[in-house]
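In what follows, chain A forms one complex with chain B and a second complex with chain C.
And now, the complex of A and B:
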């Protein structure tokens, strides 16, 4: 299925992130969709908004934007969406198996003679699968086993080889990165939403979302995109979800120097912009940032300062 | 086709002229039906399970709840929303052309994020004019691709030049909701549409301005469905069909955003010019917060 999509090149380009993941080790049910395809539909607003359109190209200023004594800062909440379906709770698992058995029991009769030609390999294979399934359903009952063993005898060697070839092998839901606890890998916690946080070379508030000051004549989205590019390199395929911030955070500047001028900012306002990553990886420049991590909401608590977490936690996905 | 089509055949044969549209409702019926209908259904093969079973998570539903919903909330957010002035009572508003008044747009809210409500799959077969049994092929095909028993559609009016009489079966329809709807959408988007060669995607103008999007498929598209692909020879007549996506979106734009969130391809005519990468020259270490 995936290969078909790739060949066709759907306008909504699947992020090659998910492709990479599939090629290497991706467990069975995928949930990677291209949110970027929104851009194709809303051609009026978001696609333009993902591109610098405002006056910044006309007036290129590196002056920081200060409004009412507050520096305006743009942050980027860069997320990697879940790649596989979530884990089921034990209750859900039980419930679904129960429902599956009910469904099988009450299903309408299957017209095998309609779908399979008599004596064909497909028919034999289907009969074998059916025997296996009924064996599973009645688990210990001898009847199912008998039936399946009978089917085994009927099958030729050729059939067995064909069955092996067509058998779908599920990959592990736990990846290598999970086992090594490699927080820099994008292929960890496949069923969860991951967020990018970066570490700055300082003692307090070192772990944060990538963020930086907004210049005069620049909108929030451009500023967030520019900051990401400066801090994390341009080796990432990103899509910003709209132009509106999804949250904000105020704080007082600790070393506010009031002496030099009255217009010096006393505080800062951080506006967070939402973005998705489709491919690529962060490249640490060792100047502005020294480290990075892809973490879930719950893991983020261990990295960032408590007041910072308190401010951003409602923007983040619990799943 | 014998056992599978038996009930469909019976359904067609037993359809009296000018019968109500929902003749086949008895196939999904429970004991609440009248005595006559239950007597009739005794000698039919019930194709549909009596109850819906939830046997697992649905991929697209999870995707909608996890990603699309949140993104749509951001994308459709309007900070400067002003409710429209109410039309005073007794004032009649005339709109130009064949338009009618739409409900006033509501303020964006978390509980008003556009959502897929249902998918209608509908087919009309001209061949059914000559013999209603020609409809069987399309009936079976729609049933195969949707996994639900279609509802027979009888013509409301007779059209003499076409030799169509009122009440004759002329098409069939399935309304998909819930898990089945998302599964059908998944199949469409992942398997069928990518294989439709030279189909450029839904046009930008798609939508009926009230949040619903419809599209038509040629007969050749039916053979792209995996259920039909393997038994292509078994269906004597391929038929074109329409698919309508009904959403809770208020505008075309919202509906398109929602569908493209499920990877539905859309045409983009006026692509914005490429980003001038060097627009912002690399600024050395901006003082960061």
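And now, the complex of A and C:
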């Protein structure tokens, strides 16, 4: 089934390829379509991100792309998505408690003797919960008040112990990394989106998103992936969200940072590509990058230069 | 504790079942068709249980309830508007970046607008839960080849 789809797809791409104006003649058979099916993904194991390889499969170059005196740079906005639901605001908590009490107070009468088998564990647990609820309720129904006194007598010591043993222990929402405020940890601020920023060995504008020059036969996604691998190591499971850039930033190059003296680029245009990290961690190469941090949008203000923050903040999530 | 299952008026369902001639639908009768009186009890729970009593609130309580509901709707509306505004800002950034790319390099722009043919959603995208798992993050040390 999958092979039929693949063949049809291959025929379609062949057709479209012949129409596309080819400056570089790409021979068709080599452009094999990556079978990105779930079945294939199940077999793969080493970390393999979804970076496209079509444009650089044949021709590769390490020459920097400069257009009209501007270096074209690909930056990566690498985010760790939140892992837990956000905290409820006090109003939300109060409202949900109010609704729960309202529902309980106005509900149709519940026949406990029908649903619970007499003398069962579930019935014991139900009676204990009813007793607790009538104890907590501010405007308890009359039925609850009369019944609770009876139920308290019926509950024995062993019933209470049995109820305690069946309690489920949940993990803490505030982690060790939160308490230590370890900005390099990926377990901090589990309810927020964390973004990767890296530190370059200079004193002005040292913190920024990882970025690097696009080479001549590359597209933006490939360049961003390559730069991330070079600067931050390959111990990260990444996924790029499509090939479309999510933001850009233009700046004038200071004279000291000229890389290519013949074409002498005077400015730079950074195009940011969005990616997610699913596992792994950054490993600094200590050549271009000396430090890194995983920060929320609000915390980024303390690290990054003000004009850079103003230029990039709209790309980032508030939660 | 009085039983909540006192039969009041005959419901439409019981009338229908009586008309269909099902055994044991007469008042106080129990069927011996299946030899099991529990079926009767289940039918009683399903069809004869009284409806939810209508909520009676004083005018003060009603006013309070209305105020609470309005406040909730207002808070939710504000939250949704903030989310929509955030998305609009993100989209505007994306649009400007693509306009800039189109003006800068037609080839790069064409590559960026070409979608991946067999793109699938990554399975590692985790659903949000109330509390984190035991191993919160897999740091994947260099045991890879």
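FYI, the second predicted complex is superposed on the first by the 224 of 319 C-alpha atoms of A that agree within 3 Å, B and C clash if a C-alpha of one lies under 4 Å from a C-alpha of the other, contacts with A are read in each partner's own complex, and residues count from 1 in each chain.
We take it that contacts are C-beta pairs under 8 Å (C-beta built on N, C-alpha and C of every residue); 3 or more make two chains touch, one makes a residue touch a chain.
Source: prediction; values computed, not measured.
When the two complexes are overlaid on their common chain A, residue A:81 makes contact with chain B and with chain C alike. Within the superposed three-chain model, A:109 lies in touch with chain B and with chain C [touch as defined at top].
When the shared chain is aligned, chain B comes close enough to touch A:230, but chain C does not.
Shared-chain residue A:72: touches chain C; no touch with chain B. In the superposition on chain A, A:199 makes contact with neither chain B nor chain C. After overlaying the two complexes on the shared chain, residue contacts for A:100 are found with chain B alone; chain C is out of touch. With both structures placed on the common chain, the touch criterion links A:213 to chain B but leaves chain C unconnected.
Look at A:287: by the touch rule set out above, it reaches chain B but stays clear of chain C. Taken together, the two complexes place residues 33-35, 37-38, 41, 46-47, 52, 81-82, 85, 95, 106-109, 111, 114, 242, 244, 246, 317 of chain A in contact with chain B and also with chain C. Against chain A, in their complex, chain C makes its touches with residues 1, 3-5, 41, 45, 49-53, 55, 68, 71-72, 75, 82, 86, 89-90, 92-94, 96-98, 100-101, 104-105, 108, 111-120, 122-126, 128-134, 136-142, 144-145.
Interface residues of chain A facing chain B in the complex, by the touch rule stated above, are 1, 4-5, 7-8, 10-12, 29-31, 33-35, 37-38, 40-48, 51-53, 56-57, 60, 62, 64, 71, 73, 81-82, 85-86, 88, 95-96, 99-100, 102-103, 106-109, 111, 113-115, 193, 200, 208, 211-213, 215, 222, 226-227, 230-231, 241-242, 244, 246, 251, 268, 270, 274, 287-288, 317, 319.
By the touch criterion given at the top, residues 1-4, 45-51, 53-57, 59, 62-63, 66-68, 70-71, 74-75, 77, 79, 190-191, 193-195, 201, 204, 230-231, 234, 253, 256-257, 259-273, 275-276, 279-283, 285-289 of chain B touch chain A in their complex. Interface residues of chain A, counted against chain C in their complex, comprise 9, 13, 33-38, 41, 46-47, 50, 52, 55, 65, 67-68, 70, 72, 81-85, 89, 91-92, 95, 98, 106-111, 114, 143, 147, 170-173, 175, 185-187, 190, 214, 219-221, 235-237, 239, 242-248, 250, 269, 271-272, 276, 278-281, 314-315, 317-318.
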